[in-house]
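This is the structure I have questions about; it appears just below.
Letters are used for the chains, namely A, B and C, taken in the order the chains are written, and counting of residues starts over at 1 for each.
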Amino acid sequence: MKTMMMGLCAVVLASGCGGAGSVQFTTWGEAYIEDKIPVDSMETTGFVDGWELKYARFVVVLSEVTLAKKTGEAGPKQTEAKVVDLVKKGPTDLLSFADVPSGKWDLLSYAILPATSTAASAGAIDAADVERMRTGGLSMFVEGSATKGATTKHFAWPLALNTEYQECTNDDFGEGVTVPNGAQEVVQLTIHGDHFWYDDLQSPDAKLRFDAIASADANGDGEVTLDELAAVQLTALPLGQYGTGSAANVKTLKDFVFSLSRTVGHYRGEGHCHSHAR
Amino acid sequence: MKRVALLLVSLSLAACGGTAQTRRTFPVVVSTVPGPLVTDSGWAVTLSSAQLSLASVRFFSGEALVRRGPLPWRFDPLGWLVPSAWAHPGHYVPGAAMGELLQPLTVDLLAAETPWGTADGVTGTYGSLQLSLGAEGLRLKGTATKGADSVVFDTGSFAPPAAIEGVPFSHVMDTSAGRVRVAVDLAAILSRVDFALVGSGADPLDPASPAFNGFARGVEDSSVYHATWEAAE
Amino acid sequence: MSHPRLIAVACALAWAAEAYAHEDPDEPLDAGAAVDVRPSPEAVFGFDAGTPVDAAALAPTGPDGGSPSLEPADAGAPLGTTVVRSSRAPRSASEVTVTQDVVQAAPRSGATDLLRLVPGLVASQHSGEGKAQQLFLRGFDAVHGQDVELLVAGLPVNEVSHVHALGYADLNWLIPAAVREVRVTEGSYRAFQGDFAVAGTVQYELGLEEPGLTLSASYGSYNRFRLFAGVRPTDAPETFAAVEYVQGDGFGPQRAFGRVSLLGQATLKVGNARLRAVVGSAGARFDSPGVVPQAAVDAGAGFFDVFGLRQGGSTSRHQLLLGAELPHESGRTTLEVCGVLSDLLLRNNFTGYLQHAEGDGLEQQQSNGLVGARAVHRRHFHPFDSLVTLDLGLGGRRDDIHQSQRGYREVDGAPYRDDFAASIVQTAVSAWTEVAWLPARWRFMLGGRLDVLHYDVRDELAFAGAGATRSAFGPHWGLKAGVERALGEAWRLFLNYGDGFRSPQARSLSDGERAPFVHVRGAEVGAAFTTAKVDVRGALFGSYVANDFFFDHTVGTTVYVGSTLRGGAQASVTARPIDGLLLSGSVTGATAHVVQTDSLLPYFAPLVARLDASYSHPFQAWGLAWTPRVGTGLTLIGPRPLPYDEFSRTVFLADVRAALRVGRVELVVDAQNLFDSRWRDGEFVFPSNWNPGAAPSLLPARHFTAGAPRTVAATLEVHL
């Protein structure tokens, strides 16, 4: 466990002479996206059914980073979407808000949404990947391969879901962000790449599995497509796995993976946001 | 002195303005969504019995994490298939408790509608409700037909291990007369059931079978319950 | 309305009123609070070199313009027959001084009774006889002190960044018999008023009534036992030492308590300087029965039943103040340093099993080491044959706080959950000034205040125990202004404006919860009529908070409500129409609204009335001095708005005292809640669940804490 120490964060308390600062937003996929998701072990949480997965691409379109206060005061809002490949070593700089009145901005939100033609790149992403997102109107593109023994399955999934992550908070850093006076705060929008592989939509004890995904390769060509996932009814899967709880209208493995894709957005590490489908 | 008293009385009465919310009660009725019962796998179902055991319903301010139907300015061709979104497994945020009805009820879903009782609540913005089924849960009996095949089935009682959360109910509750209708979509509950996969049997339905798996998932699915406010005429 | 316009309106009103007032235009403004005294303003402020020190006793010297008298009130006064009730000059209609005879008129068994002396203040003791009271004043729900600044002999009582509630002010260590006077400054119109003085400031000054040795023992209902010993070695009432020990079973289950308190103060003249020292040590332990759900009572539970085991707590407080008052040619300077060590351990469970299967009990702990210093410089000038006074105050305070909160199991009290632990160093430095110009019968005051706060917070549990540090820093500016017009000898008109504030909760800054400065703008217009026998005051007040929030500390939720508006009216009378008869009463009406929704804020007190009366008639018989005395204290609290459009019940309490002193021995019989009314001390609305395993109701419901039934106590007092 890393030992972390918060830097001194000088805050001018509201009294009419607040000052301003800046906020630098970054994004990071952590080791699960940059490196791999291993087999589950005592040291590391991983796939309990023996798979190891490595991403080749994990492209997301991040936009609408917004600061606001619960009092109703509106702050800056990102207008230009940024396309970033989290497989590239990060954290990756996304955008910066300058001249933000210092103090507590307790409402922070952002979105992972379909790219338009004006979406810009961030970090070391291949131009072709950016173009794919723009022309396809995609919000996410995940590509990789999972290996178990001698078996390897490849996947490359385009997603066009629009998800807003609201009221982001972190138990250690707090709600939103505190903008210092005359200084800069750095805020990380953390993307958890393991969320695609949970075996339950509601249980906090969800495990990482890939067996059902692998078995969805109906034609055995080593490529698991979204159409193949859509052909797998969750009712055909082993009992006790891929529980959906109260989740609405999730019937196929594709529905399930799409549901999970709306949970990848996090905040400053293990912090969370309320995600809303749009 | 009289004027002073009047001033003081008026100041006291100035406190009679009311705090922001007020208590109220409203009736709750249970019914079903009309329409043919046809599963996704093509089985047409005729029910002979549909018994639902309810324990409680609670209303919350928090929105369900799904908006029914795409927003007109942002059509998401795939999004409507996956209306629910959880920030993290198990992370539904109900918000403030707005109302509740805590009396058990067993409903014959084949009846027109059944009054459940009178819920206690407060005025304000409602966003969702949570439904808890009783120990007997839902039990359906009937016949499923597909082509020349016919299956007589009894699902047996199934009660989800947890309450059904996040059923959308968007309503700004004031003191006007009305009631809440909770309508159960039996077609949606049975949609996942393939009566060709009943395992060791359909009457009673094999709990290890994919058919029962589909039934159970249907009972838990929050989208099969439709809550609406019906204003009194 | 802008500030200059306010002052112009005030002048116009005063000029208009003057047309109807009988006055001697040559009579200078009486800037003193003394009645029947006609000193020149210079004499009042001690600036007249020809006036002996006795008159300087009338000079306001403390942080509020008042000070413990150097001499007995009417001893050696060169100004004729003088009955000086107070050495403090009120600067607003709601700046009142409650003298010791009023304090002693009715039974005062503890802090709650002492707080009820403040006009319009409702004090609720909802968690046992050791926890700070919940206070309501002028439309504010001050929770445990966040909107009422409390001081005892210059020692601060409010605790900053307290684990239980902001501005936590525990007054239970204050010995009622040692309270010499209570100086109330309602509103926030004076520059000396600091943090938490949103609804007002209450200062308790210490002293014993009689010289010599006083010993007393009391015994009363529910095994309440009290021992008191006090010594006043000189004629100066403010030099004394006293100790009080109280214990009792409480009026119902799980209400037992015990406390001991030592207080002492000494004043010493060294040349022209006056030295002062205050010392105190106290400890208390108390049980608390919790909060009763009304639904449980409706279902058959007892009114005084217990909900939640092992609730209660313990406190300790040790304090020292050293001060020096240095007169000089054109005024005086007061220097003070103080230190307070306080500890609190508190266990509460208001919601049962609502949030946690193990129980919602919270164990909170706070240790605070406070050091502070204050300097007040006062001087006068005479430009153009008029008097200008300048008050300058400087202060600093450091609080070293260690606090924690954890959850405990209802079944056995074992802790099972750590919520937070924090170390905080909070530093506050303040500077304030008041400049007053006194032309003829006017007094124009303009003042300002700057408070700068600094926080160092270490959240011990953050980052999996590695700890997180955060610091914050910032100023608050406040404007004060006032206009005073004397009409004749007895009448005064006042118009006041002031900015008050409340500091943020340091822990909230560290864990991300928003808790900014709360800035309050207040104004008041009033009048006072003061003669030798009667003091009548009336005021209309209002206040505005731009970004207000409502904190329900029973469940720990904060609701931001936006801007709020409060207002009301207050009238108070203190009369001594004939020898031996004392009447002191007040009526306060208030309202508090959320501007955006035009709805009432919950919990404030719209109507509060209080009457203290006593009569004594000493006579001589059989060679002994006999002094029979009767007194009463009546309290009326009107229905208070609660959430969800409900109202609390009206409360009427009658306390009576009968005493007979023969020579050196006195017997006192006190009865509190004489009519044994079944009343609810605190009423709340929140959800709770005391039935684990059952499907609980999550809707907010009515809860209350039971008020004390009739209690009777007899006291035997010996004066040596």
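Keep this in mind: a residue touches a chain if its C-beta (ideal position, glycine included) is under 8 Å from a C-beta of that chain, and two chains touch if they have at least 3 such contacts.
Fair warning: this is a prediction, and the values are worked out from it, not measured in the lab.
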item: Graph class of chain-chain contacts, one of line, ring, star, complete, other; value: complete
item: Remotest chain, subunit A as reference, centres from CA atoms; value: C
item: Approximate Å spacing (C-alpha centroids) for the pair subunit B, subunit C; value: 53
item: Rounded Å distance, subunit A centre to subunit B centre (Cα mean); value: 31
item: Residues of subunit B touching subunit A in the complex; value: 40, 63, 65-67, 71, 74, 76-79, 81-93, 162-167, 188, 191-194, 197, 208, 210-211, 213-214, 217, 220-223
item: Touch list for subunit B against partner subunit C, complex; value: 4, 7-8, 11-12, 14-15, 17-23, 55-56, 58, 97-100, 102, 120-122, 132
item: Subunit A - residues contacting subunit B, complex; value: 114, 159-163, 165, 198, 200-204, 206, 233-237, 239, 244-251, 255, 258-259, 262-263, 272-278
item: Contact footprint of subunit A on subunit C as seen in their complex; value: 453, 459, 462-464, 466-477, 504, 509-514, 516-517, 519, 547, 560, 562
item: Subunit A - residues contacting subunit C, complex; value: 1, 3-6, 8-17, 69-72, 103-104, 106, 169-176, 178
